[in-house]
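One structure below.
Letters A, B, C and D mark the chains as written, and numbering starts fresh at 1 in each.
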Amino acid sequence: MAADELARFASMARLRAFEEACLEGVPTFEIHGELHTGIGQEAIAAGMIAALRDRDALVSTHRNHMHALAKGVNARALMAEIFERETGLCRGRGGHMHPFDPERNFSATGIVGASLPVALGYAYAFKLRGEPHLAIGVTGDGGANHGTFHECLNMAAAWKLPLVVLVENNQYAISVRFADVTATATIAERASAYGAWGKCVDGTDVEAVETAFGEAMEHARAGKGPAILEATCYRFRGHYEGDHDSYRPRAEKKESRASLDPIARYRGMLIARGKATADELDAISSQAKFEMTAILAAVRADRQPDPSGALDHIFAEVSP
Amino acid sequence: MTAGARPNVRNINASQAIAEAISLEMERDDRVVMLGEDVGRSGGVFGSSRGLQERFGPMRVRDTPIAEMSFTGMGVGMAMAGLRPVVEIMFVDFVGVCLEQIYNAMAKIPYMSGGRVKIPMVIKTAGGNIGSAAQHSQCLWATFAHLPGMQVVTPCSLHDHKGMMAAAIRSDNPVIFIEHKALLLKKAKDFLTDPHVPEEAYATEIGKAKVVRQGRDVTLATLSASVEYALEAAAGLAGEGIDVEVIDLRSVVPLDSETVATSAERTGRLLVVDEDYLSFGLSAELAMRVIEQLGPSALRQVRRHAVPDVPIPAAQSLEEVIVPGPGSIAQVLREMAKGA
Amino acid sequence: MAADELARFASMARLRAFEEACLEGVPTFEIHGELHTGIGQEAIAAGMIAALRDRDALVSTHRNHMHALAKGVNARALMAEIFERETGLCRGRGGHMHPFDPERNFSATGIVGASLPVALGYAYAFKLRGEPHLAIGVTGDGGANHGTFHECLNMAAAWKLPLVVLVENNQYAISVRFADVTATATIAERASAYGAWGKCVDGTDVEAVETAFGEAMEHARAGKGPAILEATCYRFRGHYEGDHDSYRPRAEKKESRASLDPIARYRGMLIARGKATADELDAISSQAKFEMTAILAAVRADRQPDPSGALDHIFAEVSP
Amino acid sequence: MTAGARPNVRNINASQAIAEAISLEMERDDRVVMLGEDVGRSGGVFGSSRGLQERFGPMRVRDTPIAEMSFTGMGVGMAMAGLRPVVEIMFVDFVGVCLEQIYNAMAKIPYMSGGRVKIPMVIKTAGGNIGSAAQHSQCLWATFAHLPGMQVVTPCSLHDHKGMMAAAIRSDNPVIFIEHKALLLKKAKDFLTDPHVPEEAYATEIGKAKVVRQGRDVTLATLSASVEYALEAAAGLAGEGIDVEVIDLRSVVPLDSETVATSAERTGRLLVVDEDYLSFGLSAELAMRVIEQLGPSALRQVRRHAVPDVPIPAAQSLEEVIVPGPGSIAQVLREMAKGA
């Protein structure tokens, strides 16, 4: 399965290169609001790709770019949206926290706790229509303490809806430490309160995520109700670009970046396994960087939306 | 005056008119689904979804747990998945637990997606005073109307209850459909406004106000149950030689201020009656739009009569002096007729 | 402990007599809004009395009268409030869903899911000030599916706050059956999701409730964080007076009224144990009825609030 | 024009002024507590509670999980238990998940309890546009103001940020304190309004508007960051011979329409500038109150300039034409000065 292994590595490389390209838009004010990247958390999105199908629905959060790419959203259109261009996925109206791709059943929200309900709606629609698709709702560890976590898992379980709740547990909600505001050691163990499937996995190990996510999806597909997959990880940058991030100890950040980098880890694993050489993997990384740099250049040539369209799209029809 | 005598008028209440509209729309379009507390087995606490679950099954008419934030968001997800959900928030007062999904998701996604995503979703909810105190009596239409991206429909006549619910369901826009508890259980024969509800499916255009009584002296614009109260007041005042034009606004968004301005220009006097809170609400918005249209000096008098920025008290003796009713409306009209 | 047993019986008799007196105000429109009574659920409130202390806080729901009485709220003032009188606990402003008694730290709300957060605030204040008081938040089975259940238990557990969550599980949220909308067989088993204490008790057995509530209070008092006590029961009347209640099968209602009446059950137990005769117990019931009838008569003689005061109390100070 | 040159002016930003106010009030009164996301270890995402947790400990300055509905209700319970909580809702846009506890509990309990219970509670939250798109840019002061029982404070000057936060904490009333993100990080030297922040504790009375620039031609009433924009516009127009009177409303509830009416009566022209949504908001309410006070024909012109009922777009090119700024304000003023 060397091909799969290289594909996984390439996915992670692409995700990181995409985020790094986005970073370029901050100092230039091309992205004039805030920006949240998922750098350091690539193994989770990459680990989802294998099990995701085209019509599955994925509803993400403020930290959504990598999930969008995993779901197959066009990178050029996504980056253009993040860079506030008319060519963006949403014509520059939505911006980086609110990308919508109806063709891929992908969406996101900037409001914590607001993603799972929408995913639940997709799950319900799939069940109602007898479709085999699944709905995946993403939340952070912080979002898992919001009431919607409870409400949605309870409903999904009571009605056996095909919902997978993916918890990206990076140990922090901005500055607030998971352990300081959470009753249990993991989110996954709450599964028992809903008769749901639950597992906590090392979210910096792309293969472990892929396996566990596959299991979660199978559980939901089998009509057994919701699954909670918690993937632990560490956020490598500030909560948003510009965050002082002084709430995380310097040593913790340093150590985590060294030991929890999913790309470096997988690189080491593949070399140790003799699946690829360092040069081969570096070439993949370069290729990803090249692709995203090209997209960035193209996006930068695009226009911002024409101000005359500022009032378009509020209502679907002209009000009578 | 009332419908009791009229033939061809079924003596149904507004809840029945609504249930009939939803039923017909569910029949026409199998993407239409309904969800909320007690909408299924019970048929709604006011009966406005009676019979639907029996007819369309528990998947299309879903009783939910008390989890408004999540089932409202579920409606948003359903709409994105191609369904046309009607989500009931039993009383509008409860919207504080789920406004998030209503104003940040439902109402904004069409715009945020650059027009790529439509949210054909109806929030159906009951407002208005029938003695239920501070947390179960509010109207709150202005709360929705202040937030862009949703139409806000507030029917009064029986005819409109059915027609505007159908229109709301057929609309590709998010619509807040606010019922008045006093109208839901009021029967055709007791309505002053149009009580005629054809049995077949029909939709009534959203966004047009209606002159429900013509008059020379004062233009009274209002909505929901207050239209009935206004007509009652106007009928009484006719005997005192005061001739009131009553306009049923029918929706708050869109707000048909043109119809009001046309009338007010003629009468020179405008009264806005509102069962919602006075300040930062419908009454100022409508009056200002009329003034903007006609110019500041076109009107001799402008008055607002609404709940005076106080929570609704439990005691009837207090509620009566807080909430506009036929008596207080008549009083204001008398004062205006005496004035310039 | 015959004295305790008779006191318990008397408590239940008083609670029921109070509610029955309230019923009188509905056809006369003295209570012109809706009315929710707890008839059939008396063993729960009565079972709390032994462990409740004066400064403990109790935050209840739309179905709150019996909790108020259990907390020691004056029956005359409470009934006057329900009957919309100026002599009421809140001068007729609050009404039956919104009684507030700051001296007893008792309050309620008409919004489902809104009681636990307020109770959590009391619990936090007690801990902050180092006071030994406990906070009890009441919810129905329906309210336990609201997101606040999750949020509050999580916070109370993370911070080890002295909170007892009392779940009155009468199997219905208005017409919606508990089992149709709930993932687990009990609410109490969710305790594991919060590392909390949890127990489900027969809420029509006043002694069982008293024992279990005592344990829950002890747990919270010991600084071990929150306790969930679920008490099963059946609501004997419609959700509110005037409810058609056709959503509950006739046979179910009949059987439940016969087998789950906490007062009849306790009456039978006490007679079987030889603790009291039927006549003695009937005398207690009559006494309760007499007390409440007298209060009702007094309340009926009270005035409604003067309309001139309709705008009082919106703000504490006159706005500058 | 700016404070750069002035001695005695500490070059702090509004976040620091607020943190200082809270700190002094916590020192004066140990019933004052603060809670919210990131208010503790991080000192607030805008730094407006920096240093408080170190100083007063984690029980009095509590970092919460993301559970606004419950921690807002917790604030209500704390207030009933005798504390004086300051609850931070990080961005006002998030209020849709917890409005319930704000408007049905915090704001109504004083009335519902017949005056027996006071809720001395402050909701502190940041609004306003700094490029954060539809779900992180709203102002929403009119949403609160429409609902009775809470004061709504919207400071602009640095001096007011400190003084009004202190007043809000000392008040026995529920207060919504809405900061503007652009002001929170703006330093004294860049303020056009009063940048002077004394180090000692002081409280500024809530409910009085302030004429921050005198002028003959047009009365411009506004609030929050728009006061700065208005002053900038007015300064530019002075060179064109247009003399604008600028009024800082400072609070939306109470709304000091008297001060505005007094000015507008003199100038005959009233412009309300509002960064909140146009319809069913502050602009109509204020204009109507002025008209009610002065009579319909006292004003030659009334204009409203606000966000035109559209979600805030992400792209700067769109945001700029949606949100009132110095340029667009100047444009409206020019049109008004040309008119009657």
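The rule is short, and it goes like this: contacts are C-beta pairs under 8 Å (C-beta built on N, C-alpha and C of every residue); 3 or more make two chains touch, one makes a residue touch a chain.
As the structure is a prediction and not an experimental result, all values here were calculated from the model.
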Check your understanding: Taking mean CA positions as centres, which chain lies farthest from chain A?
Key -> C
Exercise for review: Measure off the straight-line distance from the CA centroid of chain A to the CA centroid of chain C, and report it in whole Å.
Suggested key: 45
Review point. Between chain A and chain D, what's the gap in Å when you average each chain's C-alpha atoms?
Key: 35
Check your understanding: If you average the CA atoms of chain A and of chain B, how far apart do the two points sit, in angstrom?
Key -> 41
Practice item. Return the residues of chain B touching two or more other chains; collapse runs of consecutive numbers into ranges. Key: 64-65, 67, 69-70, 93-94, 96-97, 100-101, 104, 111-112, 133-135, 148-149, 309-311, 313-314
**Study point:** Two or more partner chains touched - positions in chain C
**Key:** 90, 92-95, 98, 109-111, 113, 145-148, 151, 154-155, 158, 180-182, 314
Check your understanding: In graph terms, nodes being chains and edges touches, is this line, ring, star, complete or other?
Key -> complete
Review point. Within the complex, which stretch of chain B touches chain A?
Key: 33, 59-60, 62, 64-65, 67, 69-83, 85, 100-101, 104-105, 109-118, 120, 148-149, 151, 171-173, 205-208, 254
Point to revise | Contact footprint of chain B on chain D as seen in their complex | key: 69, 93-104, 107-108, 111-112, 133-135, 142-143, 145-149, 252-253, 255, 276-277, 279-285, 287-289, 291-292, 296-297, 299-302, 304, 309-311, 313-314
Revision key, fill the gap. Given the complex, residues on chain C that touch chain B span 29, 32-34, 81, 84-86, 90, 92-98, 109-113, 142-143, 145-147, 173-177, 180-182, 246-247, 304-307, 309-311, 314
Revision key, fill the gap. In the complex, chain A touches chain C at residues 145-151, 153-155, 157-158, 180-184, 189-190, 192-196, 225
**Study point:** In the complex with chain A, residue positions of chain D that touch it
**Key:** 37-38, 40-42, 45, 63-67, 69-70, 93-94, 96-97, 130-136, 308-311, 313-322
